[in-house]
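Chain naming follows the written order as A, B and C, and within any one chain the residues start at number 1.
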Amino acid sequence: MSTDVTPEAPGAEGRPLASRRGSTPGRFGNRLFAGLSTASGILILVTLAAVAIFLVREALPAITASPAAYADFTRDLNLGQYIAPLVFGTVLAALIALVIAVPLSIGIALFIAHYAPKRLSGPVAYVVDLLAAIPSVVYGLWGFFWLVPKIGPIMDWISQKLGFIPIFADYAPPAKNITSAAIVLAVMILPIITAVSREVFLQTPRLHIEASLALGATRWEVARQAILPFGRSGVISASMLGLGRALGETMAVLMILAPFARGTEVYSFKILASAEHQTIAANIAQQIREAHGMGVSVLIASGLALFAITLVVNMAARWIVARRAAFSGAN
Amino acid sequence: MTAVTDRPVPAPDIAPNFATTPSGRRRKRTNAIMAGLVTLAFLIALVPLISLLTEVVIRGGSTLTWQFLTTDMTGVFGDSLDGGVSHAILGTLQITGLATLISAPIGLLAAIYLVEYGHGRLARTLTFFVDVMTGIPSIVAGLFAVALFAILIGPAYRSGVMGAIALSVLMIPVVVRSCEEMLKLVPNELREASYALGVPKYLTITKVVLRTSLAGIVTSIVLAIARVIGETAPLLLTVGIVTSTNASMLEGRVATLPVFAYSQYSQDALGVGADRAWGAALVLILIIMILNLVARFISSRFSIAEK
Amino acid sequence: MSKRIDVSDLDIYYGDFKAVQGVTMAIEPRSVTALIGPSGCGKSTFLRTLNRMHEVIPGARVEGKAVMDGVDIYGSGVDPVEVRRQIGMVFQRPNPFPTMSIKENVLAGVKLNNRRLPKAAADELVESSLRGANLWNEVKDRLDKPGSGLSGGQQQRLCIARAIAVSPQVLLMDEPCSALDPISTLAIEDLIHELKEDYTIVIVTHNMQQASRVSDRTGFFNLEATGQPGQLVEMDDTTTMFSAPTKKATEDYISGRFG
């Protein structure tokens, strides 16, 4: 307990000994810093909750009011009737984008992880990641000025030759339809699906790849037997992340898709037709400038619906990853 | 035990000299086709990248004059070729700068909490919801800022601060995630050595962990800036677009590069508006490129923790 | 269904580094040949050249000949995929495919070649392969359960069943028991005794007692010094190798003076 006869190490003048370690200055600093860090964490959770709360609060007037209150904004539709076609369009655009992006992403991820020579896989991955750095407004410009003119003739041909199939019917230039928008969405979500898939493929245990090889499998058969089954849940999770992105994207759709005119909202599966679809996000961006009062409330309500949908999709994607991590950890 | 020779075996397709059998040829063909498809997938992905960058450089390059970069759009209308993006550049820098001032400390501290302090339920909840936050649609972040300020100040209020807050909602999760990665790279031995010397925890974190991972943290923040600097939708809602320079962050709408590009496009897609839009797009991409190069430079020159 | 392999003057490289040099040996059909030696002397590397797995590593190559049934497996015009079809391998750590059931695991190699195997033939093949691996009685009621749900020893026998289901000429085993407990090890050694009636088996093992129990002929690999390529020092009938080896290095290793 007493310290006066404790021999001090050379040059230890003023060095805190046992009785002085953990003294007030250190402890105060610790508490302050720990408090700051924890507070930041809590602040983030509070912010997320605030996003939900404020959206609900501003959307509530539209949700609880009778349709007459916003009838001139929605052209006499009630809230459900106004939002539902938008949800339809949002999901349809995202699904078409997925159908295009997922096979391409799997192919590219396999290329990087399994086919490309080692020196190439880094640069290839970098190039694909570049697509993620491009702002959405630039994608919108590219879509309108480059893609739409080029793809119009192709869509025209499809609509003429295969127009007996309802989804391909009724193409009319310019190609400002949901498919063009979906193609741009596909390019935008390609990088994230590819990046997550390639990580998963690269993690395939060498042991299983060698098991396939030893059975006399060709390179593709190794992918089919060992890599793809192992990466299946990872690819699903990656696709859901891409889906979440596509659902929430605004600018590309706003600048490429010619939406249905107000009063002519439809649920259309004709993906080459113009003026038959609209997404929640693009609708908000378009209508917000002239909206006031109840109209803003209606738009925020639609934003709340979008928030809920993307929340569910993202949580499901993360849950799949978490489940898989636990499962493969046991291996 | 049953002798294995009793086994009925499907006639093994044995090639006496290891040459390829008919089924082997089929498999080889499938293999070649798949290899071709996989390569084709990559080439298809290259098409939008190359065509987009080409369009931006070609169409935007001719617009990029000194006048374009140093004037704003005050008094410019009709088919006039005057005008430029100086107000938009200023707006983008100011709003993104403010968003960084908000997001970087909060994000970094939260990452420190997750790595150095949190081991319980709060930490797991936080990690989960940070992940969820990375998926918030950008327009929802804009709506949040609109809704927040509608209640705090009034529904017609528009200002640079609103835009910065909307961007912060998008930026914070990115900062948290990547700073977390950087902090985890610091080997535990360094922390233990510091504790063994009697250094209190908060000083260990600031003087040892942060100093070691400083390059990585700065890189993460720079890359987060590059991510949000091109966000259009939330700014469309919160700061709109104006023609003249607004240096105030608290009052009134502010021009930003992405919204400028959009508004020029939407007003005048077939005329000079298109050129201005591409010009603004090129400036934006150049800024993003510079940010990425800065990040790479810092990362390669100053990183210590990477093994 | 079993052949001899004659290896002549095989050099094995990783890039420019010569890992193993000048191996010449004859592997007799319907017998068990064991390869022993200290760690890092090239026995596993050599084993992997016998089914052309070595060259999967970027930059790895082989010079020399390995002749099976009159054909050099490294000759031009030889398809490595075909070689691996006919020379099977069992690895140190059991590696059944985790997403496949036991039945699907056994048929994994067969399915590569015969995509449309009629159900009856497939079931028969599964049963006979599992019987051949001494695993049938333990798993016959759960053929549709995942392969990863078995114990280590059972998984290894599953891998053996998978390997023999394609009726290989030769079966290579790379330290098949080193990840297993003693009882499973014994089960696999008994299995090897039975399998050698029909297959040519080459087994790499760290365990000299195992080599003496299981094999008919034994080859001893060694390094002269670190950084030097590994070599086949001596190869002879097992009983001779373990009682009266010719080379001093062999005797030192066997009596435990190093390794």
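Remarks
Here is the rule we go by: a residue touches a chain if its C-beta (ideal position, glycine included) is under 8 Å from a C-beta of that chain, and two chains touch if they have at least 3 such contacts.
Being a predicted model, the structure only gives us computed values, none of them experimental.
Across all inter-chain contacts, the pair with the most C-beta pairs is A-B. In this assembly, C is the chain whose CA centroid lies farthest from the centroid of subunit B. Averaged Cα coordinates give subunit A a centre that lies 12 Å from the centre of subunit B.
Taking each chain's centre as the mean of its C-alpha atoms, subunit A lies 48 Å from subunit C. Taking the mean of the C-alpha atoms as each chain's centre, subunit B and subunit C sit 50 Å apart.
For subunit C, residues that reach two or more other chains under the stated contact definition are 81-83, 86, 112, 166. The multi-chain contact residues of subunit B, meaning those touching 2 or more other chains, are 27-28.
In subunit A, the residues that touch at least two other chains are 218, 221.
Considering their complex, residues 27-28, 30-31, 34-35, 37-42, 44-46, 48-49, 51-52, 55-56, 59, 105-107, 109-110, 112-114, 116-118, 122-123, 125-126, 128-141, 143-144, 146-148, 150-151, 155, 169, 172-173, 176, 198, 200-203, 205-206, 226, 229-233, 236-237, 240, 258-259, 261-262, 265-266, 269, 274, 277-278, 281, 284-285, 288, 292 of subunit B touch subunit A. Interface of subunit B with subunit C (complex): residues 1-10, 12-21, 23-24, 27-28.
Of all residues in subunit C, those touching subunit A in their complex are 51, 53, 56, 58, 81-86, 88-89, 91, 93, 95-100, 108-109, 112, 148, 159, 162-163, 166. Residues of subunit A touching subunit C in their complex: 117-118, 205, 207-208, 210-218, 221, 225-226, 229-230, 232, 331.
Those residues of subunit C that touch subunit B in the complex are listed here as 69-71, 73, 75, 77-79, 81-83, 86, 110, 112-114, 117, 121, 124-125, 128-129, 131-132, 134, 164, 166-167, 194-195, 197-198.
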